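Just so it is clear, A, B, C and D label the chains in written order, and each chain counts residues from 1 on its own.
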Amino acid sequence: MNLAAPLVARKDLPGPYAVLEFRHPPVAAEARAGQFVMLKAEAALAPLLRRPFSIMTVDREAGTFSVFLKTVGPGSRALAQLTVGEMAACLGPLGRPFSPPPAGREPLLIAGGFGIAPFHLFSEELRAQGQKPRVFYGGRTAADLVLGEPFDALGVPLTPATDDGSLGAKGLVTGAVEAYLEETHRPAAFYACGPHPMLRAVARLAQERGCPAQVSLDPWMGCGMGTCLGCVVRIQRPGEASPAWRCACTEGPVFDSREVVWEARP
Amino acid sequence: MNLGVEIGAGLRLKNPLLVASGTFGYGVESAAFVDLASLGGIVTKGLYLTPRGGNEVPRIVETPSGLLNAIGLQGVGVHAFVRELLPRLSAHDTAILVNVCGDSVDEYAEVARVLGAVPGVAGLEINISCPNVKKGGLAFGSDPGMTHQVVRAVREATRLPVIPKLSPNVTDITVFARACEEAGADALSCVNTVLALSVDVERRRPKLAFGTGGLSGPAIRPLAVRLAWQAARAVKIPVIGIGGIASAEDALEFLIVGCRAFQVGTANFADPGVHGKILAGLEDYLHRHRFTDINQVVGSLEYPGLPGRQQPP
Amino acid sequence: MNLGVEIGAGLRLKNPLLVASGTFGYGVESAAFVDLASLGGIVTKGLYLTPRGGNEVPRIVETPSGLLNAIGLQGVGVHAFVRELLPRLSAHDTAILVNVCGDSVDEYAEVARVLGAVPGVAGLEINISCPNVKKGGLAFGSDPGMTHQVVRAVREATRLPVIPKLSPNVTDITVFARACEEAGADALSCVNTVLALSVDVERRRPKLAFGTGGLSGPAIRPLAVRLAWQAARAVKIPVIGIGGIASAEDALEFLIVGCRAFQVGTANFADPGVHGKILAGLEDYLHRHRFTDINQVVGSLEYPGLPGRQQPP
Amino acid sequence: MNLAAPLVARKDLPGPYAVLEFRHPPVAAEARAGQFVMLKAEAALAPLLRRPFSIMTVDREAGTFSVFLKTVGPGSRALAQLTVGEMAACLGPLGRPFSPPPAGREPLLIAGGFGIAPFHLFSEELRAQGQKPRVFYGGRTAADLVLGEPFDALGVPLTPATDDGSLGAKGLVTGAVEAYLEETHRPAAFYACGPHPMLRAVARLAQERGCPAQVSLDPWMGCGMGTCLGCVVRIQRPGEASPAWRCACTEGPVFDSREVVWEARP
């Protein structure tokens, strides 16, 4: 649904991060973890197009949802500058959500940077299904891991990892996941959202360990509706002769890691 | 108050707003977000005889008030369109125009023939101006002789209204407009995207994988209005204005310079609700200026030094 | 770190930043706000033999990320320039290029002759691409034969570096680039403004009193970069990139596609401090990318499917 | 001088009006009544160019100046949305100021709408010179006359006039001026700033009454420096064969009403 969504609350976090809560009843009612919205500060004359943001939490009663925003350029900046009461043009919920893990597999949610966003809602969904998700949260340095607390509140264990070791295990987040697997030897199902190299690493790990992985890709998106064909990713589906371009906005952003043709991306 | 217009060969639209080729998929994608019956018409994504994969990514990048794209005419091909998509699309009460592409004159004609043989297609827009393919496209649209050949071949292949889509990347658009008219075109679409290049200075490579791309959006509107105005004055057949339209005011610029209808492209991406706003704005304008018919606005430009306002037939 | 460049016939600039014709007056106006000695060079407002009044107002209107103007080459004429302005301008340590206009081939040559006879002029930019005059201007710049004639005539009239300024309103800019090179041009300026039209829908008249105008600013940058790239690959003489430059990154796009220097136009209006920011940004870029000379950046574009990076001589 | 000027204070007035105070020492130090600045909200990506605004007051000690802002479009809106501490790109002071009246003539300052702005500083200047200025303030309706108080504070008499009579005399402000002249029969010098038709009416009245008038024109301005030639107005100077285009930004905005070729403007 395409609506003008008023900003109802905002929480500024350290660095370029903030959590913005918008009123948009259809998103609040229908959103599933892994889905996203296309957002634009209404008053802003530039940039031209909306930007995709994962749905982090929903409040079904209040008819609101929140996004975890990292300011990186004009679109995110215009959103970051919204004051409570101001409007964002908002289309959503969009895209295919994460699907629950196969029976008997422990859901490991692997996040890099703002990729943590969808795992908040996903953790809630999994808990509601009686599952026990576990989050691995990676970033360059401690300053990038600003969204840990909410998971404590949810009672979801979170393992941080930083490239510089300033918080949690030193090195890539996939290293922390491997360590955990070594230690538990439990069958797992991976869910990954974050920078492309991290997603690729998770896909590789999943293959080595023979466990399923759902990855949330983030190609550039122009419309979110399947019409601009800007967001296409190469997907090789079983039974298909050759890989095909598929819209991440309508057939993703969540894909089975085995179907993603990882080389395609420059 | 009448918003209905005719764009040649008896092709009537309930209102002058069409969605531009390549910015609205095959129509069905957006049905969830847009009431298709509210549109004057839909121009589909460009179609060849066979399916096309399109270009590598990145395919799209934003520029100041503009969008640079090199999708490369990814598409399902005319047969799959006729078989799977056209029936679903026909369920909606709006005019369906198909954007016809080809690597050769024959392919254009063949695609037209296929579409002429099935119900539900209101007209053909002939894409001789796509800058994002290695063969055909712009090559046909930047040579008056080739333009004439393609349009003539399509004209002979179908009875459907034939609407060549002109390129802005030419010295004198009136030459191409007249070539199309002579070749039997029923109307003209003005214009396609502007051939452009945007560079990633950190990597010293084009931002788009394809290299150059087609520029669209508000950035090109003043150029597109000029071209549509020149084309409309050069021919008798109707002209459909395209380029950077995102509001009723933008659309009125094209109508006032002589366009019978207009297409909304990039703005579909920015706001799926843009159509309702534009149509409401047009009605409000007619009301404020005491017009009863949108056609009264067409060609009403008073241009310094030119004989008074042109009136539509 | 070297920012110095050469733009043909031994014309050396301390840095690649020039201010574009018509956007910096005769230089002296801005001396209060800009340190002229910090500029690689100044291109003056267009000059005819005699003073010109220019067009009626409104002459300027803003468009999305762009500026539409029809000043109409208002100017004091070459004689008054040489008498009153050039001496004041020469006091500043920067290269002075004069933008030469004419209603006829002879007038271009005559203006060039006058300027060749006085000290203080570093080069001549030949304006064959102004869209805002009834005679000359664009007429010369959109016909390769005329272009050749004008450039040849000026070439024969002076020993000063001759730099034709090309129009973006053509189908194939390489034809014009080569015509200029053959006629003896020392360098090329790419590009002038884009012929465009903006309509006041409430009054149903063009927003500009003149009617059409020339579009400039960031809106045209992707088009201008494409044209400068095509021109630079078509000729051996240096190309000066122009169009929508407002930052170091914008300027680098033009350098990377093969321009030896660039001009800042509309951005002078928006921010008289823009030059310092751009030059600082260029130095920072060279530093970050471990270049020691701006000329290493020139033509360093890696274009898909084209033989590696072009290197400047 | 071209500086990034921080907004130090703002006062929102009824309707589309506000008074914004910026820190810009050179403007504060040098500005004279009738001069203007070119302003743009720094963060705003659009519009492209700065906009001209009259200098309303200066605080030489604090190094600040204020403008009286009416929001009419994107440029003024972006300025109206500035919060204290945010920056405006500011070039000034620019243009030719008002010059004092000939001896023995009473300065009548005639304003329409936001044209009142320069007369605040001008009243201060005139009072400092021992003159007794009088302000006539016209608008469509009472809601347009939001800047009266400051003049009471300055002890400058102000006569309002509105087209609909909702405040002060009914009709054009020039009517109120005429009434005043009828009543006092004192020799006057007119100063006018406001919409073009009002300026023309003042010029006509000045001619009838044989008294001098300085009018502040407001053509569209692109640069404020005399380089874009967008702001030209037709001026016929005594001794010149024919009228010439002159830049309102450098040779104006204040002109002798007798020199302005009133027909020229569409």
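In this section, a contact is a pair of C-beta atoms (placed from the backbone, for glycine too) under 8 Å apart; a residue touches a chain by one contact, two chains touch by 3 or more.
Note that this is a predicted model, so its numbers are computed, not measured.
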Partner chains that chain A and chain B have in common: none
Shortest chain-hopping distance from chain B out to chain D: 2
Centre-to-centre distance between chain D and chain C (centres being mean Cα positions), rounded to whole Å: 36
Distance from chain C to chain B - Cα centre to Cα centre, in angstrom: 33
Centre-to-centre distance between chain C and chain A (centres being mean Cα positions), rounded to whole Å: 47
Cα-centroid distance, chain A relative to chain D, in whole angstrom: 54
Residue numbers of chain C (touch at least two other chains): 64-66, 209, 217-218
Chain A: positions in contact with at least two other chains: 45-47
Graph class of chain-chain contacts, one of line, ring, star, complete, other: ring
Chain-to-chain touches, reported pairwise for every pair that qualifies: A-B, A-D, B-C, C-D
Residues of chain C touching chain B in the complex: 63-66, 68, 142, 169-172, 194-199, 201, 203-206, 209-213, 215, 217-223, 225-226, 229, 244, 249, 252-253, 256-257, 285, 297, 300-305, 309
List of chain C residues in touch with chain D within their complex: 22-25, 29-30, 32-33, 45, 53-54, 56-62, 64-67, 69, 71, 74, 209, 217-218, 266, 268-273
List of chain A residues in touch with chain B within their complex: 1-2, 40, 46-50, 89, 91, 219-220, 222-223, 225-230, 232-233, 244-245, 250, 264-266
Chain A residues within the chain D interface of the complex: 43-47, 74, 81
